[in-house]
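These notes open a run of structures that come right after.
Paired with chain B in one complex and with chain C in the other, chain A is shared by the two complexes that follow.
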Partner chain A sequence: MSSHDVMPEMSLYQPVRVEDAIGIANQFADRGWLVGGGQDTYGWLKDRAKSADALIDLKGIESMRGVKETADGIEIGALVTLTEITKDPIIAQRYPLLAQAAGRVASPQIRNVGTIAGNVSQDVRCWYYRRGLNCYRAGGNLCYADTPEGMNREHAIFNASRCVAVTPSDTGPALVALEAQMVINNASGQRVVSAEEFFVGPNLDIQNTTVLRPGDILTAVRIPSKWANAQFYFEKVADRNAWDFALVSLSAVMRVNNGVIEDSRIVAGAVQATPRRLTEVEQAVRGKARNDSTADSIGDLASRTANPLNYNHFKMPLMDNLVKRALRGQA
Partner chain B sequence: MNPKLTRRRFIKGVIASSAAAASTSLWYSAIGADRPAGAVERLLSLNVNGQTRRVDVAPQETLAHTLRYKLGLTGTKLGCNRGECGACTVLADDVNIYACSTLTHEVSNKAVMTVEGLRAADGTLHPVQAAFVQELSPACGFCTSGQVMSAVALLKSNPRPTREEARQAMSGNLCRCGAYDHYLNGVMRASGQLS
Partner chain C sequence: MDIIRYRNDVWGEEVILGVSWDLLWVIAITAFLLLAAHAIFMAALAKKKAMPSAAGKRVHRHDAIDRAFHWIMAGSVLILIFTGIAPIIGIRFSWLNIHWIAGLVLSFVCIFHTIRALFWQDFKSMLMGPSDFKEPFDESIKPGKYSFEQKGMHWAMTVLVVAVIATGITLLLHIDTPWWDRPSVDDEGTLGIWFLLHGTATLGLIAFTAIHIYFALRPEKRFYTRSMVKGWISEDEFKENHDTNKWKQD
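Presenting the complex of A and B:
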């Protein structure tokens, strides 16, 4: 009956401890595939665009579940689902930015199984790459999207380097804005990487979107108390309200005192391969009121250095307008 | 063609005849002896619609495949098989998920509920099913079992949703007939907010 199912033959492991999962992952090396919610995984496998000898299902690892309070903020287990993030009382109260971002991912069914670790580790959605074409990111020496007739409406307007795909994650920019720390375990121990350094662009590594390598497991995401209860702004613009990936998203955190922005972190999604911090905007608004005139004074600062492709110029004013709405303090 | 050989009967016949054939695949599990020990056992006791069903499940097999082609529960439909349409929506521990994008082994310790499990023992329809009938929610009907399961999941966690909450909760189920408002009317009726 296998003709009815499009999943290729593979073995499956369901470890219940992180150490065991790391051991299995190391034995299979680049032929093993870590699975959280699996919502990015199964498409690749069904399409035969990527393959694996073994799936390593991490969902049985209890230590990677739950949201815990820590001395400096909270720790979100890697397996916490996006639905759980939207419903968590601590996140809703202190970091509603993250709850909003998680609530805009895909569809309810996908959020019910999709994990925070999977959302930040998912691969890019360029359809040429997903089709299984031998592009730069797949190890080849050609980009099919950055050509005169390439369909690149959804692609990058910044920092393309051979590959022009963008980060598909909605929670990634929110985590960069919140100065989250990513906890990564492997056989030699544990390391903690800032969310900003976790994401990697094609100029540094064209085949990986994060610093994770075979044998590494992202076990938790820590959010420091620094931005707890700050002022937040999240907006995601997509062609459809369900399922769709962002055309541009904006995650902003601001410390506002007497109406004046003392400090901020403003991060755009889906404009380059990694979440893009808008440091020039952050500097320009420091010490200014969070109001219409500050928003208007920013002009096109966010998109000024953009390098759009044939079909995605619209992302420049879209991004600038999202920045203005964030600074205005209302949609 | 034999008039009694409906499509459904044909599929169920194939399922029955393949149950014996499927067990031979157990012999292949010895291949790949150099792999780490501890890969999943193929024989599962799966809790489906309140019953424990013994079933031989390949490691990479999706829940939709097991339900339809091993257990004969063809009420769960496969539309896209990519998590993009919602026709295969079932409940796992009362949470709605896409059966096409879940491995059966991932839900081996959960209670799976399909559209077949909603009807009462005496044949009475579930309130969501009855409301969908009354509101003429389905048009062609292919997405209906998935829509029913999403509505059931919503009303379990939120018995009196607003129309907007219902719209959000049902947003993971496509209907190419465009009967969305009819389904929403059905959800509101099932929650007792429409009479």
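Presenting the complex of A and C:
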């Protein structure tokens, strides 16, 4: 695959209203490419691994910016950058889980331009796929990563279905834990889907990582007040502390009363193609104290049904240990 | 419109990816038009004949085990077609495991049917000879147990089902299952040819399944469908549609 310093030739549209962007997206359908911060986009286009006829730059749409308080929580505009999320006082105070997750994405430079919508909508980072090979996810007949010789250290340990790539999003698991709602606009109107349903695995749709379809624009992310000021835990383990994708990440929200976990949502990232809710762990910890004893007795549940590939067995104890640390309440 | 889809393999060489799914719409529209034309012709132009009575003495046509085979096979074929086609036309669900499990069910049932037909049934009654080809053109010639159309449908379905099973099992060997892990693929072009054959056989199976269902529902043929549920046809139906000398009772 050749790499290019320049962008391929294509039309550039810079709408300033959501309605106009939807019209353009609808017009070009799967030949149009929505871009916000562009941190996923430009790699694809400059590597010539994917192409588009039109680039639809959303950055001029003011209504998709800013963090607003709503009757039931907050609404984050799709174009809010990851740096803005880490610095927003409301998010920092009520939902520090999301601020921490956003603060661990890539590098400061990337966080300065990368948006929340881009972080949840970005494509998988399997290098075979990114290199432009015609694997299952690219519409082909096979997976290069899931073979005896395949380099699959970073790949899935759960729910692989032909494709074994994992979600690269750090904020996705946090949003699933916070029961966020994704606001999607298209020519037919607006629909709101839960963060849990927003992400789709290869068993359902092998060529897309989200429910977004050509003509759809993710315009905002709503976080309900349900988990505001709860106890949170976020940890991301990567090969490098900066500018790297998670080997495993863990986002947890817990409602704790007198030291007892009354309710929780615990979500792992980078273990399958979508953020993975650890519902067995959530059920097992309900009514239990948040302490070492609970952590030791329940931590191994997380990876119990894992099906690792040749080079990623290490993700199982890594994931279990992150769950234990979350239940202990210490990093 | 494409007939075959191509892609570049890992070395950048163009190889076959599979059959073009544009053909799915060609098959669907063609089958619909032909069957609609037949229905209109039968309703408007064909000679109306009084239908024989279903009452009276019964003639045994299918054993319970053969009826069970037919419906299990029918169910698995319909599941295979639906799970194979639905993702292509945009219906999203977790289809892969259902697809290959239905394929294994179909394979086992077909093996069972083949053994039973060869050793415990009147296999010759399904064979086609030169005299069978006169049947559609001469109303005075009545068939034995199976008509020319029924034999033709049986053998067409046999070829197509064997083709989807053989290619399907080959493809099954290339995915993860509870019994084995996915192997490396040395030659993507060969894999593409298997996909091409599987897809082509599937398109044929869709066409013939549509034809089979259509005729099973036609008023003048519905007694055969009843016999595949209850096992019998009436003596009137037997005498009206079959040569009593050619159909040897089991």
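Note that the second predicted complex is superposed on the first by the 325 of 331 C-alpha atoms of A that agree within 3 Å, B and C clash if a C-alpha of one lies under 4 Å from a C-alpha of the other, contacts with A are read in each partner's own complex, and residues count from 1 in each chain.
We take it that a contact is a pair of C-beta atoms (placed from the backbone, for glycine too) under 8 Å apart; a residue touches a chain by one contact, two chains touch by 3 or more.
Keep in mind it's a predicted model, so treat the numbers as computed, not measured.
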Put the two structures on top of each other at chain A: do chain B and chain C fit, or clash?
fit
Touch check for A:Pro148: first (chain B), second (chain C), both, or neither?
second
Quick one: is A:Ala165 in contact with chain B, with chain C, with both, or with neither? Answer first, second, both or neither.
neither
Applying the document's definition of touch, where does A:Val124 land relative to chain B and chain C: first, second, both, or neither?
neither
First (chain B), second (chain C), both or neither: which does A:Gly43 touch?
first
First (chain B), second (chain C), both or neither: which does A:Leu212 touch?
neither
Contact breadth on chain A, by residue count: chain C or chain B
B
For A:Ala156, using the defined touch cut-off, is the partner it touches chain B, chain C, both, or neither? Pick first, second, both or neither.
neither
Tell me, in angstrom, the smallest C-alpha to C-alpha distance between chain B and chain C in the overlaid model?
23
As the complex stands, chain A meets chain C at residues 133-134, 139-144, 146-149, 160-162, 200, 203-205
Residue ranges of chain B in contact with chain A within the complex:
14-15, 18, 22, 32, 35-36, 38-40, 58-62, 65, 68-70, 81-84, 86, 89, 95-98, 100-103, 105-106, 150, 168-169, 171-172
Which residues, counting only chain A, touch chain B once they are in their complex?
1-2, 4-15, 20, 23-24, 27-28, 38-39, 42-43, 45-46, 53-55, 57, 59, 83, 106-110, 112-113, 241-243
Flag every residue of chain C that touches chain A in the complex, lowest number first.
7-10, 17-18, 92-96, 174-176, 181-185, 188, 191-192, 195
